[in-house]
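What follows is a pair of complexes built around chain A, which joins chain B in one and chain C in the other.
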Partner chain A sequence: MAITDTPRFVRADGPDKVTGSGRYVADLTLTGMLTAKLRYAGIAHARIIKIDVSAAKAIPGVFSVLTADDVPDLRYSPVVPDRHLFAKDTVRFEGEVIAAVAAINAEVAQQAADAVVFEYEELPIVADLEAALAPGAPLVHEDWESYDVTGDTPRDRNVATFSSITKGTKEGVDAALAAADIVVKQRYVADGSHAAPIEPRGVVAQWEGNKVTIWTSTQVPFDARNGVCETLQMPSNRVRIIVPHLGGGFGGKCGFHFEAHIAALAKASKRPVKLVFSREEEFLAPDRRRESMIIDLETGLNADGTIAARRGWVAVENGAYTADSAFFPQLAAMHVAGPYKIPFVHIDSSLVYTNHQPSGSVRAPTAPQGCWACETHTDELAKAVGMDSVAFRKLNAIDTGDEGVVGQVYGEIGLQQCLDTATEMAGYGQDLPDDEAIGVALGWWPSFPGASGAFVRLDADGAGQIVTGAQECGTGAVMTLRQLAADELGMDPEDFEIIYQDTGVAPYDTGATGSQTLLNNGRAVVAASEQIAEQLKDHAANMLEAAAGDIVLANGTAHVAGSPDKSVSIAELAEVAAGGQMLIGKGSPVPPEYPEIPGMNCVGDQGVAAWAAPQFSCHAVRVRLDRDTGVARVLAIACAHDSGTIINEIAAHGQVEGGVLMGIGQALTEGTVYGEDGRQQNPALLEYKLQTFADAPPISTAFIQIATAEAGPRGAKGLAEAPNVPTAAAISNALAKIVGQPIRQLPMTAERVWEATLSIADDSGETA
Partner chain B sequence: MTTFSIAQSLDQALQALADGARPVAGGTDLVVGSRQGKAPLPDTVIAIDRLDELAGISLSDDQLRIGAMVTHAQLMVDPIIAEHFSAIADAAALVGSPSTRNVGTLGGNVMNGSPAMDTGAPLIVLGATAELQTTSGNRQVTMEELWVSPGKTSANADELCVALNMPARPANSGSAYVRLEYRRAMEIAVVGAAASVTLDDGGMVTDARVALTAVAATILAVDLGDALAGKPIDEASLAAVAKIASETATPISDLRATDRYRRHTVGVMARRAVEAAGRRAGGETIAIPVNRTLGIGASQ
Partner chain C sequence: MHHMNLDVNGMSYPITADASRNLLSVLRNEVGLTGTKEGCDDCECGACMVLLDGQPVNSCSYLAAQAEGRAVTTIEGLADGDDLHPLQAKMLELGGVQCGFCTPGMIMSAKALLDRNPEPSEEEIRIGLSGNLCRCTGYAKILAAVGEAAVEIR
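After this line comes the complex of A and B, so read on.
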């Protein structure tokens, strides 16, 4: 559908962002405010001998200098609590905070941060995933056995968490592989990468009495609040998190980061304190970047092209600390197994400590890499059995009623339709020049049902107010809440304003994470609006002398069904209600249930094997390769997505287009480069190459709309992460067709592609 | 503390330089470099961006003069540059982003002396000289004499680059600049090459020059020997150009590429630059910049 055919959608935050009137954390100034600077370790692994802040404190204009000695001595993090606010005894990555300074201005603060004396003894750097797993490898956490870990979480030395997924039995997989007609075994290696939001993060903290208000650029205000409460040992009602406009997150601003450091500085300084990151800090310091991975896949095929069995081994880089990454191994295992009908599956997957920046949920964690490996491998399988890669997928991909890789039986799903639609849109099968090809990949991603709350109220003049705990990170999901409320109440979306991103005001929501905002908070807003609708109908029934059940809310009025003339405006009803029982709705509906899989025998289950309301996708991408240089250019991409019912088509198109562009970057140009010293070599936007709008290809999108049970409002599933999943994979398959073999390293940089073309030339006896 | 003043005349600017000030025009290198901690801001900065003497592009019978203050945005659309000195326009159009091109100047780019600068190789193949002026006079310096090492020029501290001059183009001449880039905006040359070609009426090369970007400590002029002279631009002569360019290059390995990859791709860029320059010399119009018109990395 063309944009012009879709309903008009005005984002409430759009004009502010476009005109520059919107205010971000960096724009805030409070009376008496100080500037914070953090002092980082600057070394990947070391034992701390001494941290001396006396010289820093003595500098005029310095109000406070804090270290681990100044905050409660406790470890935090979900599932595997393995880190402190400030480095204690050991530093485990270069961006670890050893001290924080608040001073009269940025120059003095930096001078003081530099004046902190840090003496240390270097420790061996754990950088390589396989080396980290080797017996006798140096430990990133010498005390790993003493950590207070939650749940069934197998661990061992540098393995922070371990999960397996199994269908059938391990022995069954071995036997099926031994009996297969064809076996393909390959290794795929993905580098780490970054979320790289436009806005480097900022935090402002101000105390009044024993309460602190923190303005912060977070995607998850309640997680940020809970992190402050946990680390500074405060009750939740004394910590208020407010998020001004957020300049993007892409997962990089999920989790709890520097809010407690700045709150502690503000308390010690008895002044408001502000931290604003440089771009370099945004690259180096947060415990959020996309994990590097090593993926070994071994797949057996029957002569008819059906998949007989798959065995896999995955190492997911955790980095120095466990942020929200405990579930990554299991999620990675699901993605390398893929949305296929495979009778025997066994994947072992480990989360591996290194002395690098911690990994964390960046837009569909583990999925672009896992899908890239799985789908590159799938094309290799098709080639090995002599089938067209799309026909191979038609044969093996799951459809409605099929059983997936952990034995989950899927309800009505649109994966096969996605495959048909995307390949048709891309013109798959057409004749192309020999430097072009169309690559195809399938993707999938779970929805994450959860608790979520919202209030909706209509004030005396009939103007609507939505008060939601949901966080807008740029996806437009929160903006779409107006549409849901308006539809329930027969009003216009622009009749509603939204109060959001304030934990002191709104009920809980998980935040802009896991593509869950519309899925969960949408249901909350609908539930709250339904309560108001009932009240409006009761009032209208009284005034119009009709039964409440016969009242219809539409076009800003309440009328009697079948008698549009017998009506009263909602504004009039609101005025009446304002004098008595006010129009206040609250929504916190019971979340949809996660499916149960009888007999599932996954070790280290982290709850991401059985998928609620899974989303499916197919991307078909046309690529041209400059063979002489290895530079690839994406000429066009066709995307088909089953994300259930689409509530707002314009916003949905925007999600797919943004996800595709991010996916192209991961495919071709974005990768973190580490030096021998365990430090990032390219923490800057010139050397860490994001895609630009000049690089964006034409993107066509189709939605396979299936109103899904046990999902979001009107059968909607999530969408924000899904478009990021199969893009790199599809590009990989296009490149493999042109080059003659896959590039089994991600990103598939120009130089790596060129090296692959050389090795093909070598193999065929030609000279390079 | 930095003192900043705005020159009202060229004389005033030259006197300030003689007194130890450093000039600033677009500030795209000076300010960014300072913020990144590469070099602190000088104690005294004199703004030269309002000096008419440094503005404008003028073509006389025998010479083109480009004022040092001319921006990349001007160079990429100026009809004289685009038609007769196309390589400069090709290069200017690839620099950074619209905002960089709007404030970044040719004089600033030249005096910054980066071996990755895009306009450098075009200036060499077009035979440009930098006009350096002081309170007591001025001199013309060839680009090869000017650039000494990364970020370092042979200009004295009191000398201001006021213009880039180059000879008018002979008939049947064309020039082009291509570069290897990983994305289409906000990019810096991985490697690049400029070429200038003059043909006789029979399509044989009478003069050809090639210079290379980002494969040595300075922009590198290539000695083509007899690879092109008296020959047509065909597969054999282009292959010879690529080979010579690769052999001339002394690239380093860094985050953007290994030396091996640079050595190979600079040859590819050189042959593409010569080919595009040859087509222009033959009267064909190839829209600015060649990189975009001819597709990925200037392939056809």
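After this line comes the complex of A and C, so read on.
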């Protein structure tokens, strides 16, 4: 079968990827290119006494060795600028870069990195979230008060940012809890975890005159560009970021990472320079680990099973520096509050510095852990009031027109349908062997409207180009843009090529983050295509002697409505247009508005209390437990998602399936383990276990399609993160049913499950 | 330095490389075929899977010198000109490809599996490909693609 004959597939990048001809950063080679190695601190917290690079520089074949002394002396990061490119004065986590080397080959570069002399004095390690909050705890940032913070989040010592969400008043919550018939109070503790894309990141930088081109495996090219501009003090038009194919990201490749280090090396060396991470570096160095969390929840119930009030306290681990995590506390608060009708809610939530790797946006940040706590708690509530856990959710979960946990009133939403559909698909309620159970969890996740741009053009032969700032990280979201342009112009998706992932040619887009590509860039492509459609209709109206308003674009032609044979091909129209006013559309539509909540009472608001086009989901998962070993196996999982209109079915299913498997990993095997020294003990795929093909259960998915107002094209919402939200929670609820009590630690490793099983056995022994 | 002749996808490459170099690095840097990926360099991810006389090996953990005199097949050697191998075509058609970084290794493992077992059960496909990690797809569509490719090849 020839590539061109392959039955219709939508992925424009597919042939490159199945034939091995597609290029990723590690596959690029430039003439004269040097190899970079970074020297990491290798210690969690220390005062720097000396960094001496003279021996490293003297090694033959070494072109440059850079430290904090060689780049502009400034702090960066969004919201809380608290870090430097290279460690300066203090080291705050083991993966902090103290020096960067460019050399003739990898061996020499490594030798030079090892030859950098690093003398330091150890400082006390801040590792535990509660200890970090204690009065008199050692500070991760001694001079935190001097940081030039954006916005007005409350901060204090090791608290990088603080947010609360409140419905009613704090006092109202206290009173409602005191008056409740039943109160359940529990603590849930989640370990951190990793994005772990299969492609370790790479960066190649090359200068020509005063301009630098950087090929990098980032999910957010414009963010990466802005980071380089900020830290190296350059205007945006002299930094060009190009992303070849990206081998997955899952949030781990969001933000700005090592582009500036490599650009600085390339400049100093007067050569192109390339960095490619080892798997171990991929675990240790990026500032994008999924945050660990402690969640305390206290919920009051009325005797009829309705929820009266909820109080919560959340500590979200920030790690050593504030990447894009400033808004995490509020997001976490929303997830532990949950998609429920609760009249009184108050959640306090802090982002806490530690001497661990920084946290950042990994696929639905804070949500899988927050949802896991909230939904495990929900099953405990149902049990306490003597209700079936699904019936309890039917009663309390929000539906169209209901008011949620911060007072937002939702338009048409499909949460209740998700609950009905997933539980039915899973056969909830059937008799199961006593080592099996079906656990159910609800999830939710916001959409993020924002600015985004695209150009669409048809050239003289009628072939189309979409030039977009959007970034494809594998989800297929960018690939789906062809469908939107084709639909607007009555053409075939395969008539379009996509030029993407190049800040030098395309207008701005936020990147592959926040599941926003289709939502925002989809609207931009539609807007750009509409402009071309107008032009085509005008030309066709002239040629066919009809009114432009009567022209229909379909099947590669323009025809007069009602007379399909009065037509002209789009290729002919394009040829005519090419001789005069060309077919170039530009789209940069005004984003949908965020909802406003009158009288909202949230402290340190980070803009994620009111949710635009919220996505909803329910997962129902059948689990079997081997009680002797504590090993849980997911047998099947049924997923129902309200992500609005689904535009690309294959890609949508792929997102759910991938998200679910990541969720299973997070539920059962994936957790960062730290030693006493504040260093990761499992930075390898042998010790940090991703789910394999053999582990993967059958996954069935249903979409509750509601064309959502104030959302993306055709009423689409986001989708890439949502499937990652409720999986761990559903597994937790299945395990709790089998074991007899929840495992209130994440991941729910075999060891932890086994211990819980034992403790239950002990308890029943005592009572018997 | 070691001189060797490597037979890759039916072409003979005279190569000079350090005897300690692994096959992955020689394929990518000396032979110039970058379709084979490095995800871990530690025999843990399968992204570097190639066939040696038809047998699947993680090329990151195999010395290039040991491949001398044996037929190496990489992802670039699978299609017949413009005609995709059924595994490639089905991976595309059924959505088994997302970021694509695991894809070459996955397809090579699947090729080896179908060569030795042309009618694999679902379970046999799951087990046969369990050395290839994919973070994107949840494996569901890869499973379907390999199943359908098997039918097409028979």
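Keep this in mind: the second predicted complex is superposed on the first by the 756 of 768 C-alpha atoms of A that agree within 3 Å, B and C clash if a C-alpha of one lies under 4 Å from a C-alpha of the other, contacts with A are read in each partner's own complex, and residues count from 1 in each chain.
Definition applied: a residue touches a chain if its C-beta (ideal position, glycine included) is under 8 Å from a C-beta of that chain, and two chains touch if they have at least 3 such contacts.
Everything numeric in this text was worked out from a predicted model, so none of it was measured.
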If you stack the two complexes on chain A, which partner ends up touching A:L668: first (chain B), second (chain C), both, or neither? first
Where does A:F693 make contact in the superposed view: on chain B (first), on chain C (second), on both, or on neither? both
Mind working out whether A:G474 is in touch with chain B, chain C, both or neither, as first, second, both or neither? second
Looking at A:R23 after the superposition, I want to know if it touches chain B, chain C, both of them or none. Which is it: first, second, both, neither? second
Partner contacting more residues of chain A (chain B vs chain C): C
On the A-aligned overlay, A:Q430 touches which partner chain: chain B = first, chain C = second, or both, or neither? neither
Scan A:L685 for contacts with chain B and chain C and give back first, second, both or neither. both
Taking the contacts chain A makes with chain B in one complex and with chain C in the other, which residues are shared? 685-686, 690, 692-695
Using the touch definition up top, name the residues of chain B that touch chain A in the complex. 180-188, 255-258, 261, 264-265, 268, 295-297, 299
Considering only the defined contacts, which chain C positions touch chain A in the complex? 28, 33-42, 44-45, 47, 74-76, 78-79, 82-84, 86, 88-89, 91-95, 97-104, 107, 125-127, 129-143
Which residues of chain A touch chain C in their complex? 1-4, 6-7, 9, 11, 13-24, 26-27, 196-200, 245-250, 278-279, 473-476, 650-651, 653-654, 656-662, 684-686, 690, 692-696, 698-699
Quick one: in the complex, what on chain A touches chain B? 435, 624-626, 628-629, 631-633, 668-669, 673, 681-682, 685-687, 689-695, 749-751, 754
